[in-house]
Amino acid sequence: MSTLPPVEDIKAQIEAGVPGAVVTVVQNGSPSAQHSLLLGREHARDAALFLRDHAELRLDFCSLVTGVDWLDTETSEKVKVKKVVEGPDGTQQETEVEETRKTKIPGYLEAVYHLFSMEKKHGPVVIRVRTANRADYAHVPSLTPVWRSCEFQEREAFDLYGIVFDGHPDLRRILMWDGFADFPMRKDYVPPDDDALATVPHGKSPEVQA
Amino acid sequence: MSNDLLEVDPIAGQGEIMEVSMGPHHPSTHGVFRMDVRLEGEKVVRLKPVFGYLHRNHEKIAEHGAYLAAIPYTDRLDYLCSMTNNWGYCLAVEKLAGITVPERAEYIRVIVAELTRFQNHAGLVGFLLQDMGASGTPLMYAFREREKVLDLFESLSGARMMCNYMRFGGLRVDATAAWLDEVRRLLPALPRFLDEFENLLRANEILMARTQGTGRLSRELAVSAGVTGPMLRASGVNYDVRKVDKYGIYDRFDFRVPLGDHGDVYDRYMMRILEMRETVKILEQALRGIPEGPIMDPKVRLRGLRPKAGEAYGRIESPKGELGFFLISDGTTNPYRYRVRPPSMINLTILEDMCLGQNIADVVVTLGSVDIVLGEVDR
Amino acid sequence: MLGEGIIQGLLETARNFFGSYVEKDRLTTVQFPEERRPLPEASRNFPFLLYDGTDPDAGLRCVSCQICEKECPPRCIHIEKSKDKKPDFVGKMQAYPAVFDIDVSVCMSCQICVEVCPFDAIRMDTEFELSTTDRFGSLLYTKRELAKSNEYYRKIHPTEAAECDARRAKDVEDTKAKAAAAAAAAAAKAAQAKDPAAAPPPASSASTNGAAAPARSEVKENQ
Amino acid sequence: MNAAAADQIFVTLKHWALVHTPASLQVLVSILLTIIPIIVIFPAIFALSVLLERKGLGRMQNRYGPNRVGPFGILQPIADALKSLTKEDIVPRSADHVVHYLAPLVLVGAAFLGYAVLPIGRNMVAANLDAGVLFFFAIGAATELAVFMAGWSSRNKYSLLGAMRAIAQMVSYEIPLILSSVAVVMMSGTLSTTSIVERQAHYTATLAHWNVFTPWGLAGFFLFMISGMAETNRSPFDLPEGESEIIAGYFIEYSGFKFALFFLAEYLEIFSISGLGITLFLGGWSSPFSFFAWIPSWIWFFTKLFTFILFFIWVRGTLPRLRMDQLMNFAWKFMLPMALIVILSAGIWRFLPAQSAEMAVVRWLVCAVIIAVPYVVLARALEQGKRIEKRTYRYAE
């Protein structure tokens, strides 16, 4: 079992091996310290191929494909701004004033791939690919041509998140039925209130009614 | 994948294509599973698995609940192996929150996980033979042994199948000395059952004729398709998460990983039989080495666990293959993203590749050898 | 040679055929309604509410803190808190559930409500013959159907019940000791006021409250 | 009552009944008295063997089997019958109603007709035809028609697959079935079932002259029984109804009483094939040893029949099912050549002299070798053709 180089090295290797690839390291704050690599959409497949075929990495096994939904967020940060304020004595003086600035970060959908190597027995290397926005059908390149194991899992991410994997051989709904319109795993999904099997509403026990 | 018994097929390509929808109500689909099969005579020319009939959006449910509340739901993923499902999830949470597990708890985890592996493999072999038309005899032998294991689970955790036994940081209840003695008493019976099973079937010409060369899966395709578990090892790839990750305390046990060379149904069947023997070995060692001590990390807050924002992927070797849980925490009490890597579903990816050109009777056997549980495939 | 394995298999089934008449452990089947296996102590099915004494209304241990309602994974518990309060087993004034419903058609027997209950008020039953002809109504268990006595609990889970009883006995004693200490302290204070020279050391017995104490504080935090 | 009277009790009873009927009705009564026992007894054996099968399979699988209805569950067949009678008879909307309705009737009718030529005791045969064996096989072929009627008319893909499998299987296995009985016909010099039995009911020392005691008879008997199993769709040749693949095959769309008729017909065929096997190879109603000859002949027949039934159950409890191509392969590449060799061996047996004891032993050995050598060769070829092997496995540390 060989050990895996740190993600920064892998990033450098990808950038060296795939011309034009944009790779960002996404730090992971949890004790697991599984940091990930964010790949640009344009070169994601090339980078994936590079990772798979690289002699030392040999990430031949894509274990897990996940869709993640990141909603539009509003971050507010407090900034200290120098302002000229009229002092109580009438003179103009500079004081530091705290101000909240709101920045709106547009949401996106993300496909996360966990790669291992069956040959070298190391892993995981986590790669992420993000869509441009959270539109109904948001596009990322499919990695099924690289790893066959992505086939069903990408279909699932398409089914539940609406991520369209360009180049997927058979992108259909997999768990929900074909006529289903929504993407139930999205964070803003509201389930329809049509549960025909809903049980007796709580609190309606005979004791209360009496 | 040629059918060696029908070398000459004069009407290939001219025959009429018949579409058969096998399932969702079919005795051999192991639940509500459908295969859209196109047949030319009895030969399969296309096969598309269709599932989702049991879909309940397990992941969404788990994201709506606290970290603790997801554990009983993991029982229902692969409902035959709730103990290993618990372990997979707890391992992921432990990685996410940096929790350590006391030694005694690790030993008990190994014991119950290996018992689970045994009963799952026994059941699968029984079902596989049932799919081959063996009128229930092997299945009943397997269930006879499984029953004994389930009795143990019941007296340990209170439930036979939905054990809900493990917690991040340890276990829910301790195993008593009497329980461990029960396991020790059971152990000699397990190899005896395996011998019986082999007598019944190992040299059986019909079994060999039905399974050898059926549903072949090449090494390269198996790796690329992310097939894991006994199915991968039957194709000759030495990859067992217990050996690779050495999660828990698996580095302390001496066991071997059987490997197949042909990657056909017979190899997959034999992998399970041989793994059961190794499982008995692990159990013997674990029962010898189990220490006294606490079973729960006292610092862990089960209720209202708030891991630091971040993510973790924890995986174990479940009887079906690599069972992984991917968790993203945003610092609240609920996981922001909870994702299961269902080995059954991913192993199904190459079902069509294995079945093309085979007989319809082989489809059933090949599907049986994949070892799927629809609770996990559909989630 | 062709046929060898088949004969081997035939012999094995024959052995099992005769063996099933001789060896007891081959037949795992139990002739159910007549023959009942004793349930293991850990066995669990659906939750019930514990009460002390003989009156389910007066002795119900539940203080309707609603932790189980919140933690229940399938959310099958419904609790409405009472407006008034009544003293619990240590004499502290506590609310009680005006409504406590469990929808056992939803319940998945996971035992999490039992684990999180800081008052030992909810436990798992072992009764499993619960079939009804009505799909919804009769599977919605109300407070009255759920309440079962401590004696019943001792019968179905003896070890667990003994631990629980010991814990509660200790709670009662601690409370008494606390009260006694408080009384002593008050008396001492009074005495001190009279005679400042003879001050006793401060009471130290009030600190131990075992496992229940952190749980209690957690309750407050959650509420 | 002496042994001979006990042996002939049913024959005597029938005569007595006929004597007491008016002459104008005698033919009708005679026919009824022959047919009604067959129609009553064999379905009764069906009920009994279903019970035996369920109990036996249960025990082989370490279960109890049915034990609720009546003491030890012996009334289970009655409960089963009531259940199937009261069940709703469902006919698919798109089915061919007439054919769908007729199929089980034709099947049961054909299954019953075979009993006409089975001697179930001394002087106890419904129709003593000169070409009894031929009649039996001709009638047996009619079941194929019924099976295809059922499969076709149901308008179900599975039932069609099942019917096609059934036809292919039955046609293929009829050849070794008939060829293996040709050896017996050749040796006996007659096609009449009663004469075949009578020729076997002689004794040398105490041992009967059953065909199964000769090498060609033994091999022919096994071939006959294997083909018989395939012909009656018994496990391990139950492909036409293989419930794990094509669910129930040709009778998937039948329910209630029609389904029960299929079930009945299947068992009736098993009994009649077994009965013919007994007649051809196991001396029919004759006892194996001369000192047991006092036991009534019909008891011998039914004892042998039940032994067969138990063996069928035993095999069913043990073996998985073959695949279609393997089944065909087995029929054409193994059963057919073996059946021809059995005929050859029987011919040689016929012409080798066996006046002295030594000569008899030599003849026995020669005929046995003629069969054993091709068996080894063909079995090897079959195994190698399928490339089946016992495997050993490697381990990774």
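Should a chain be cited, it is by its letter among A, B, C and D, assigned in written order, with residues numbered from 1 in that chain.
Definition applied: contacts are C-beta pairs under 8 Å (C-beta built on N, C-alpha and C of every residue); 3 or more make two chains touch, one makes a residue touch a chain.
Computed from a prediction, not measured in an experiment: that's the story for all the values here.
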Open item on the list: Per the definition at the top, count C-beta pairs in contact and tell me whether C-D or A-B has more.
Closed with: A-B
TODO: Please name the chain that ends up farthest from chain D once chain centres are defined by their CA atoms averaged.
DONE: A
TODO: For chain C and chain D, let me know how many angstrom lie between their CA-based centres, rounded off.
DONE: 63
Task: Interchain centroid distance [CA atoms averaged], chain A/chain B, Å - done: 28
Open item on the list: Please tell me the distance, in whole Å, between the geometric centres of chain A and chain D computed from their C-alpha atoms.
Closed with: 67
TODO: Averaging only over C-alpha atoms, locate the centres of chain B and chain C and give their separation in whole Å.
DONE: 33
TODO: Could you list the positions in chain C whose residues touch two or more of the other chains?
DONE: 2-3, 6, 9, 12-13, 16, 26, 28
Task: Contacts with 2+ other chains: residues of chain A - done: none
Open item on the list: For chain B, give me the residues that contact two or more of the other chains.
Closed with: 137, 141, 144, 200, 202-208
Open item on the list: For the complex, give me every residue of chain B touching chain A.
Closed with: 51-52, 55, 57, 59-60, 95-98, 221, 223-228, 237, 239, 244, 307-315, 322, 324, 326, 328-329, 337, 339, 341, 345-346, 348-350, 378-379
- [ ] Would you tell me which residues of chain D are touching chain C in their complex?
- [x] 56, 59-64, 67, 314-315, 317-319, 376, 379, 382-383
TODO: Note which residues of chain C are touching chain B in the complex, please.
DONE: 2-6, 8-9, 11-13, 16, 25-26, 28, 40-44, 67, 71-73, 108-112, 115-116, 124, 218, 222
Open item on the list: Under the definition above, what is the set of chain D residues touching chain B in their complex?
Closed with: 57, 60-63, 157-158, 161, 165, 235-236, 238-239, 242-247, 316-326, 328-329, 383, 385-391, 393-397
Task: Of all residues in chain B, those that touch chain C in their complex - done: 61, 65-66, 68-73, 75-76, 137, 141, 143-144, 147-148, 151, 154-159, 162, 164, 172-173, 189, 196, 199-208, 302-304
